[in-house]
Structure formats: C-alpha cells, structure tokens
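Two complexes, one shared chain (chain A), two partners (chain B, chain C).
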Partner chain A sequence: MKKIAYFPGCSLAGMDAEYDEASRLAARELGIELVEVEDWNCCGATSGHSTDKELSVMLPGRTLGTVEKMGLDTVTAACAACFSRLVTAQEILKEDKEMASRLMPELGISSPDAVKVLSLLRVIADIPKDEIAGKIKVRLEGLKPACYYGCLIARPSGLVGEEHPENPMAMDNLMSLTGAEPVRWYHKTECCGAALSLSRTDIVLAMNAKLIKMARDAGANCIVTTCPLCFTNLDLRQPQARKVVNETAPPMPAFYFSEILALALGIPRKKLGFDKHTIDVGPLLDHVLGASAGKGGE
Partner chain B sequence: MPRIGVFICHCGINIEKTVDTAKVAEAARSFPGVVFAADYKYMCSDPGQNMILDAIREYNLDRIVVGACSPSLHEPTFQACVAKADLNPYFFEMANLREQVSWVTHDREMATEKAIQAVRMAVAKAGKSEPLASQSLPITKKALVIGGGISGIQAALDIAEAGFPVILVEREPSIGGRMAQLDKTFPTLDCSACILTPKMVEAARNPNITIHTYAEVENVAGFIGNFEVTIRKKARSIDMSKCTGCGVCYEKCPVKVPNKFEEGTGERKAIYVPFPQAVPNKPVIDREVCLHFTKGKCGICAKMCPAEAVVYNQEDEVITEKVGAIIVATGFDLFDTKRYEEYAGGAHPDMITSLQFERLINASGPTQGKLRRPSDGKEPETIVFIQCVGSRDDKMGRPYCSRICCMYTAKQTILVREKFPNARIFVFFMDIRTAGKNYEEFCRRAIEDYNAEYIRGRVSKIYPSGDKLIVEGSDTILGRPVEIAADLVVLAAGAEARADAKDLARMLGIQTDQYNFFSEAHAKLRPVETMTGGIFLAGACQFPRDIPDCVASASASAAKALALFGKPELASLPTVAKVDESRCSGCMACLSVCPYSAVTMEEVKNKSGGIREVARVNPGVCQGCGACAAACNAGVIDLLGYTNEQIACQVDAALL
Partner chain C sequence: MNIITPEKTDKQFLEKIEKESGQNLTACNQCGKCTAGCPIAGFFDIMPHEVMRSLQWGLKDDLLNSHFIWLCVNCMACRERCPREISVSEVADALRREAVKEGVKPAEPDVATFHKNFMGVITMNGRLHEVMLTALQNVFTFKPFKDAMLGVGLFLKGRLKLLPGRIKDAGFLKLISGRLKKN
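The block that comes next holds the complex of A and B.
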C-alpha cells in the first residue's frame, strides 16, 4: 500500500470529522494509506497568514519539515485551505532565498520542494482511471452532482498543478467513474464567501443561495465539494440562505467528494457520517442506492 | 608599419563630460603605429571631417581610428570621409566612446581609462585591416508578394504601376483576405467590399501582375536581387481556361460544410467559390469533403458543367520563379476565444467572435445581413460587446494591445443601432484606444449619438440561464459588480500571428518576435525592412494593424522594393565570411548555424585528385553576422573586416 503523509487540519479533526473518515476509508480502498503527520499544527489559514509573512511560512513549514523527517515524499491535505497554505509556503521558500536560508534549517526542510504537496483530490485523480473503475462496487446512477471546487483547489494557477483555474475537471471526471452524472455548470470556482462568513453574513447568504440555484438550474440534485469551508457554507448555512431568497424548491444536499467515492467503493453508508450533515441526504441516498439494488447500502 | 591617425570626439558634452578626451588623445599618441592624435568637439561635422582629411595629407596617414559614438550611427559618415582621401573605407575603424563608455560609466577617471582601452583596441585592429571591396550583383526586377489581402494587393499594385512585374501568391481560392470578410469599415462606415473589390479586380487586370490563388510558396533560395522561389499551385480540379464561373456546379453539389470565409456562421459546398465577389471567380473542389474524392461517387458537378471544366484528375503544379524582392503580407489569425473557459465554458451559440459578427451583419453573409441569435434566430434585444479578449492579457500570453478592436467594436455598436433602434448595447472595455485620424470622434459618436453603453471593467464570467447569457463583470468607475442578461455576446477577439508564421520565417530566413509576428530591421527607422536584404513586410503579419496602416505599410514596402529595382546593379556587402577552403575539413558546423542559408557544401579536388567536401559562403547572401566564423572548429572562416587575427589583436590590446 502506497503511503502518503496526511495533514488533516483543524476542520477535519473537528467539525468535519465525516470528511476525514470518508477520505481515509476511500483512500485505503484505492490502495493509499494516509499516514497522519505527527504532532501537526495549525496550517495558518486563519488570520495567521495575513498578519505575518514569516509566520505564514513557518506554520505550514513545520509540517513540511515533519513530513521529511517521517521519510515520506508526498503530503496531502483534504482541506483546500490547508493545501493552499502548504503550497504557498513552498513557493515563498523557493523565491525568498534569504528567508529560506534562515528558516529551513530550523524547520528541518532540506530543500523547498523536497516534499511534494498535493490536494487529496489530485492524489486520487492521479490514480489511473481503469484502476478506480475496477474498484467501484456500487454504481451511483441517478446522482447528479454539481462539482464545486471553490477558490483554492485550482488557484493560483501555476502553483496548484494542472487544474484549469476557470474550468477544473478532476472532480467531474472522478464522479463520472462512480456512475454519477456530473452536470455541466458555470459556477465551479465561484467564491463561496468563506472569508466573509462571519463579518458579512448577509453577503455570504446571498452568494450561497445563488450557487445552489445555479446548481439546481443546471439539473444537479446535490453539490459535491472538497473544501470544509465551502461545505460549511453550502450545508450548514443553506437553511438561512433559503430564507433570504424565500426558496421554495427542496433543499440541495451537499457532500464531500470522498464521501461519494467511499459509497461507490462499497463502504457501508452507516460507516460514513451522513448524520452530521445539516441538509438531510437520506432521501437522495435512498433513491440512488436503492437504484443500485441495495448493494453497499444498509 | 601602418601610419595610424586617431581622432577623439567630444560629441558636444556627451562624451567630454565623463571622458577626458584630451587625455585619451594623449595616450593614443604612444600606441604602436599611431603618428597623429587629436580631439575635437564634433568629429562628424564638416570641420571635424576636414580635420581628418588634412591630417591624412599632412602626416601621410593610411589608417584612421575615430573614437566617437556607435558605428551604427556614423561609421558610414567616416568611411565616406576617408574614401575622399583615396583610402579604402575599411581602413577606417571606430571606437564607441559614447554608448559603451560615457553614457554608462559615471566616474570620470574610470571612464577615461575605459576610453583609452577602447581606442587601444581599435588601433590594434586597424593595424591589421585589409582593403575590402564590394562586388556588383545583378538584380532580377520582379517582385513576389506573399499574401493577397489588402496589404499584398496594395503592394502588388504599387510595384506593377511602376512598371515592374509582380507574382502575387494567395493560399485561399480568392484574393481579398480579411478585408473581404468585413462589413463596414471605420471611421467612415463605407462598405468594405465596395472599396476592396475594385482593387481586387484592378490587380487581376493589371498586365504586370500574375496572381496564383490556392497556391503556397514552398521554398525560397538565393538572396537579395536574386531569389528563386518555388510555388505549389494546389490542384483546383478546375480547368481555369474553360470555366466561365457560371456557378451551376456549386448550386448542384450535394455536400455542405462550414464555410471558413463565413467564420463557420454559414455553409458552403464541396465545390465552391468562397464569396460572391471572389477573384478569380472560379470554384475549387475541396478534396477533403468532395464525395468523388472521399467515396469515389457523385460526379454531379462534372456532369452539370456546361464548359466541361471540372477536372478530377488535375494535379498540383509546382512552378519556380526568379524574383529580386519579396514582400511578406500574410496577415493575422484571430485569437482562439475558446481559451476563455470562464466565458460559458469557452463556447456557446449566442457568444460569437467579432469576425463572426461581421459575417452575420453583412448583406452577403449567411443571414443576408439580418442579425439574429444563432441559437434560435430571434432578434437580439440586449447585446454585450467584450473588448480585449485575447489582448492585454498576460495569462493568455497576449500582453500586447491588438490595436483594432476598440475601433471595430465602436463600429459594430453603430451597425447594431442602425438595425435595432431599441436594443440595449453594452461594451465592456479596459481603456478606449482610438489613436487615429477621426477615430476618437467616431467612438464618441458611437457612445453619444448611437447610445452604446460603455462600461469600464472586465467580464469575469458568462453563463447561460434560460435563453439568455448572463454576463457578470465589474464597473470599475462606479466600483460595483454588473450583471447583464444578454441575448448575444460579441467577443472582440485579439489579433495574433498566423499559426504557421514561424515556418514561413524559417523558409525566408527572417526573424520573428516573441509572439511570432515578423520582425522589422529597426523598430523606428527601418519599419518595413527585415534583417534579410530584399525581403520586406506589409500589413498585419508584422503587428496588428487596421486597414489604413496596412495600406500605408504596403506602399512603404513597395517603395523599398522599387528603390531596389531602380538600381542598375547591387553592391554586395564587403564584410562577409570567407572560408579558407584549403584548410576546411568539411565538418559543416557553419552550415547549421547560418541564419541566412548562405553556406553551401561544395566538392573540390584534392591535390591527389580525390574529391572532398568543403564549406563555401555565398557573398551575396551572407549578412556578415559572423556566426559561422565563431562556430568553425578549425578557425578557418574569417569574417572580413573582423578577421580572427584582428579580433585576437583587439583582445591582446584589451589585456595589456
């Protein structure tokens, strides 16, 4: 089994434990062991990174150093914000030679790109299609996800790998492999409003209501994301957002991409933390899993 | 021992303010071979030149060194000066004390020291100079024009008018180019075809112009005044002498494919003329799609043709022509707007390019000039124009301004308003760039009299919603987001170099810039010449240009060709590379580095009677760049005027 260092970050260690669980299980089914980074610390995606440049490098930098010490060559973060901080820290160390020479010995980093940083989406998208397809046990026909990437998985372009900054496709392609039919829509990388979530909730609710409407208009019956911040806005805040626009259509379930993948790989529904979702995913899953003859269902 | 005179120029205060010129002259007096040295305020002035002539006579000088500005500025001046005293011009040597010393070195003492060293090097080189002379070469007084758009047509007409023959080669089945695709032209709104077609016909009728359409230049050999070009005339499958252009063939042809001339907005048949005013107005068969060629069936056109002009088994014809000058007028391509995936994923039927718009609003276009939404044929009520799509966008590798889009967008808003008095017309712009005669006034008219609503800001996203396209952008003047539900979106696609420009550049031995546009020899002072003698540029193949600029540059390039044809014969460049064939091993490293294809492999007889291969430089083609001399492993290639021995002496002098 291939070992990859895994940085859960605060979201997955707390509020979004279901994402953590689904990610580890799905990865294992696909032959990847996610080895948790020892004694990991905050990635700095909080106000930390914008208050002090050096701190913004040191926080994720410590993780990079630890991964090197663990003898692993790749680290992944499921959370888009954690991923972004890790990649950005590497980039700053590559460009700012002075800072690099000062901080790298202290952080235990031998060279800025000694460790490869990949988003969890990229780790799984890099597995050959046939290999994934061969392991799909439950075809999720009837699931029509709007794949929602948010801002940090595909941007800044040039820093985060091969995703197109305006029209990323990795998640769409992955969803297709499970038998789901991802919809073509145009708001994949629209802002979810996470940065203003607490300070200007009114703006964020309007943005979310629009995102959900766009997904629905495109024919989606759920939204799938990779980012805990996006998920929180789409799931936890959806009831509020619905009130703002007096939404009468049924609520739109939100999922993490690894939850969908785990279901398709045959992980029993009960083992996954769907009860933690604010928007009830039950009816949709009943419909989809019922359609696949109960295999892998309850 | 040569008798060298050294003259140090003050260049007003340009050199004198940081270089102690008197001290440099003083130092020069002690250099080997120097018998006279002086400094003067302006060596290039008449008194300065007279000073040189007087000193030559008085001191019997046979080599002259001037320490002044860059040789590219005044070397010809001083060469002419020494020639007056019956010295070979190549006995003159220049040390650059301005651009390379005084302008870049601020410390007077260091600058003076550097100047002394530069003069010492020039003196050392002058001591080894040999007399050089030009050879005279004949000129073929016939021009080749590549590309039959407005630029190529104009250049061909100008040269033909002056009485010289012109070969005009066009890749498409008709001449006319981009201008033939346009509806109206700014800033006068006269119809593009109305002013273009008379020129097309004039070119076809002019006895001095031979037009080859559906043809491509396949090879170019030779040099200024003496090119030999190979042209492939693709098989048209039509006997041009028999065809009357009646059009029965394409009326009856059953195969329909998108018409490139209509930018995909309309269809054509497998046998077709691209547009009604085509010159020549005779069809071609597109063998890729014709049923006779793809399936071996059909043959309707041949059956219907009353003139029996359809010739299925016609073959490509390859011809060669000798010409003295070549004008490159190959035009531009449109930026591929699909690369903007944030605009409806790159493509949507109701999101069209500016050139598609020209076809849809043109009376001879696929909709007979009725502007309708491609998706459902409805009249558009809200139209959004977006400028700078593929221009001024670093992310797309297109940081430059395409220059034509601001004006054609303003024109297009006027054309829309004339058809739809009640439509809402929006234009998203970054800046409005309307530098041209009557241009700004024209654009103001679009805004003020024709009520186009201009919004300064970029569009971040376009997506379909119902039967509308939602355009999201920002108004950076009001500082707020804008959302417009549009029926039709027109993307002002930028202009870029032809996809195959690089291949043509390689064939011609001319340079391209970082965007693959062809490079002029000097951005300001030699704007239509290339670095290769006898090859000139016209129109938008050099950089995005509008019609007036294309015509002006075409006439300028014709003037350059005519200046060449006005000479009885050519003087070759004396400072060319020369191979010592007796020592050449024939490794041909020089051949691969020569950017002008001036090196050839030749067979020579050994003393023992055997045959061996050696490199030879054609002095007519060689531009004296010296790449071969540097590449020669054995050091047996000399660039005359810059021989290996001269360079070595300069290096010795520098290290002294």
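The block that comes next holds the complex of A and C.
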C-alpha cells in the first residue's frame, strides 16, 4: 500500500469528522494509506496571512518539516485551505531567501520543495482511471452532482498544478467513474465567502444562495465539494441562505467528494456520516442506492 | 467632465506595500479584469482595480480605512486572471497587516475581531477549536446569541467537540505566540 503523509487540519479533526473518515476509507480502498502527520498544528488559514507573513509560513512550515522527519516524500490535505497554505509556504520560502534561512533550520525543512504537497482530490485523480473503475462496487446512477471546486485547489493554477483553473475537471471525471452524471455549470470555482462565515454572515449567505440556485438551474440534484469551509457554507448555512432569497425549491444536498467515492467503492452507507449533514441527504441516497440495488449493483 | 488628479502621492507607502506583498504594483494598467471577476466586489467600497490605482497614487488613508482590505477573502480569482501577473489578493493581505500594525480602527470590526480571536486560539493550543472561536467571536462582537440554533443542531448531531485539541510541542507554541506578540 502506498503511504502518503496526511494533514487532517482543524476542521476535519472537529466539525467535519465525516470528511476525515470518508477520505481515509476511500483512500484505503484505492490502495493509499494516509499516515497522519505527527502532532500536526493549525495551518493558520486565513487569519495567519491576514496577521503576519512570517507566522503564515511558520504554521504550515512546521508540518513540512515534520513530514520530512517522518521520511515521507508527499503530504496531502483534504481541506482546500490547508492545502493552499502548505503550497503557499513553500512558495514564500522559495522567494524570500532571508526568511527561508532563518525559518527552515528551526522548522526542520531541508529545502522548500523537499516534500511534494498535493490536494487529496489530486492524489486520487492521479490514480489510473481503469484502476478506480475496477474498484467501483455501487453504481451511483441518478446522482447529478454539481462539482464545486471552490477557490483554493484550482488557484493559483501554477502553484496548485491545475491545468484548467477556469473549468477544472478532476472531480467531474471522478464522479463520472462512479456512474454519477456531473452537470455542466459555470460556478465551479466561484468563491463561497469562506471565513467571512462567522464575521460577515450576510455576504456568505448571499453568495451561497447564488451558488445553490446556479447548481439547481444546471440540473444538479446535489453539490459536491472538497473544502470544509465550502461545505459548512453550503450545507450548515443553507437554511439561512434560503430565507434570505425566499427560496421555495427543495433544499440542495451537499456532499464531500470522498463521501460519494467511498459509497461507490462499497463502503456501507451507515459507516459514512451522512446523518451529520444539515440538509437531509436520505431521500436522494435512497433513490440512487435503490436504483443501484435494483440493477444488482449492491 | 472632471479629471481627477491626486493632491500628493506617497511613494514611500507604495514601496512598503510593494515589498510586503511581493507584487509589482506599478505594472497595473487598469484593465479592470480583477474587478470584473471578483465575487464580492458588490460589497466593496473600493474596487480591486481602484485599489491598485490608489496604491500608485499612495492614497494610504483611503486604503487602510477601507472595507475592501477586510472583505477580500483571497479567493485568488484576480491573481489567476491578471494579465500583468499581479495578485490583488496578496496586496489585500499586505494592506490588512499594515492597518493592524498602524493601529487603524478597522472598517469591518467583526472581521478584524475574527482574525484576532483565531490567532489567539491557535497560538494558545496550536490548533483551532470551533466552539471556542465561535464563543469568542460572539462575546467580542456583542452578539451572544448569533448562530445559537446552528450550534444546538451541531451539538445534537454530535459534531461539536467541546474540549479543544492541543499540540504537544510546547516549544513551537512559545515560538508562535512570541511571533504574534511582535506584531
């Protein structure tokens, strides 16, 4: 089994434990062992870089040093913000030689890019298609996800290694392998308002009401994301966002991409934290899994 | 028709933000692509391309007192699309840090409070604790019952961790809290 260092981050160790669980299970089914970074600390997003540039490097920098010490060459984060802070720390250390010479010895970093940083979506999308397709046990026909990448795994494209920052396809392709039919829509990388969720909730609600409407108009029956902040804004705050725009259409279920993948890889529905979602995903899953069972898929 | 000419330009401020943000601020030629693609431009008082011109003119007070510096969420759409390879996102960070350093009263106090609380929690424990962060936010912004029902729902679903996680590396905690105090 291929070993990759895994940085869960504060959200996955807290409110978004179901994303953590689904990610570990899905990766394992695909032959990847996620080895948790020892004694990891917060990446600092987004307050770190709003407060002090050096702190914004020290916080994710310690993780880069720890991964080197663990003897692993790649680290992955499921959370888009954690991933972004890890690659940004590498970028700043490469550009600012003076800061690098002070911080790198202290953090145990031998060179800024000694460790490869990948988003979990990228790690999984890099597995050959046939290999993933061969492991799909439950076909999720009838699931029509709007794949929502958000900002930080798509941008800045050079830094995160995204070939198509305006129309990323990694998640769409992955969803297609499960039998789901991702919809074409135009808000794949439009921001959800992120950390303004607690401080300027009004802005976040307006942004998410728009995202949900656009996904619905595109024919989606759910939104799939990779970022805990996006998920919180789309799922937990959806009832509030609906009130702002007097929404009468049914609520839009939201998922993490690894939850959908884990389900398709044959992880029992009960082992995944679907009951933790704010928007009830039960009827949609009944519909999709019922159809799959009917065709002998389960 | 009016042509606006700046009264005086503050070159020092331009150079300071240029260094802190790592961006070539004079490269901006006002095409407006950053503003066109900005998802929250509708909430800004100064548009992203206007921020760039204001910097070229050295309009320090306008910038440090703006809502823009607190509302930009660094989604990086501007950085991705700028034909002159400037990241307004990094500029917003640099201006925000400068406003804090200079003790400017933030135009968006709740956002500034959020960042302060966030850094307080993570330099104490090494990790963020959602319950603590939300509680501090509500106390310091005088909105004790904000999102209370969401909290109840999360608690009932077993999604709230009541006790904060803490890292073992006390040396690192000392290092980061020391660095925060320097600010």
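To be clear about the criterion, the second predicted complex is superposed on the first by the 290 of 298 C-alpha atoms of A that agree within 3 Å, B and C clash if a C-alpha of one lies under 4 Å from a C-alpha of the other, contacts with A are read in each partner's own complex, and residues count from 1 in each chain.
Keep in mind that, in the parts below, a residue touches a chain if its C-beta (ideal position, glycine included) is under 8 Å from a C-beta of that chain, and two chains touch if they have at least 3 such contacts.
Predicted model, so just to flag it, every value in this text is computed and none were measured.
Asker: Output check: A:50 vs chain B and chain C. Expected answer is one of first, second, both, neither. What do you get?
Answerer: second
Asker: Thinking of the overlay built on chain A, is A:151 touched by chain B (first), by chain C (second), by both, or by neither?
Answerer: second
Asker: Would you sort A:41 into first (chain B), second (chain C), both or neither based on which partner it touches?
Answerer: In the superposition, A:41 contacts chain C only.
Asker: Is the number of chain A residues in contact higher for chain B or for chain C?
Answerer: C
Asker: Is A:276 in contact with chain B, with chain C, with both, or with neither (first, second, both, neither)?
Answerer: Touch status of A:276: second partner only.
Asker: Looking at the overlay, what does A:167 touch: chain B (first), chain C (second), both, or neither?
Answerer: Touch status of A:167: first partner only.
Asker: Answer with first, second, both or neither: which of chain B and chain C does A:114 touch in the superposed model?
Answerer: So A:114 meets neither chain B nor chain C here.
Asker: Answer with first, second, both or neither: which of chain B and chain C does A:198 touch in the superposed model?
Answerer: A:198: touches chain C, not chain B.
Asker: Look at A:59 in the shared chain and tell me whether it touches chain B only, chain C only, both, or neither; answer first, second, both or neither.
Answerer: Second partner only, chain C.
Asker: Where on chain A do the contacts with chain B and the contacts with chain C coincide?
Answerer: 157, 166, 190
Asker: Please output the residues of chain C touching chain A within their complex, sorted ascending.
Answerer: Contacts found on chain C: 20, 22, 39-40, 43, 71, 73-77, 79-80, 87, 93, 96-97, 100, 108, 110-111, 113-116, 118-119, 122, 126-130, 133-134, 137, 141, 146-147, 150, 153-154, 157-161, 165, 167-169, 172, 175-176, 179-180, 182-183.
Asker: In the complex of these two chains, what residues of chain B are touching chain A?
Answerer: Within the complex, chain B touches chain A at residues 340-342, 344-346, 395, 461-465.
Asker: Can you name the residues of chain A that touch chain C in the complex?
Answerer: 10-11, 13-15, 17, 39-42, 44, 46-55, 58-59, 62, 95-96, 106, 151-152, 155-157, 165-166, 189-191, 193-196, 198-201, 203, 207, 236-237, 275-276, 278
Asker: Under the stated contact criterion, what part of chain A meets chain B in this complex?
Answerer: Touch residues, chain A against chain B: 157, 164, 166-167, 184-187, 190, 214, 217.
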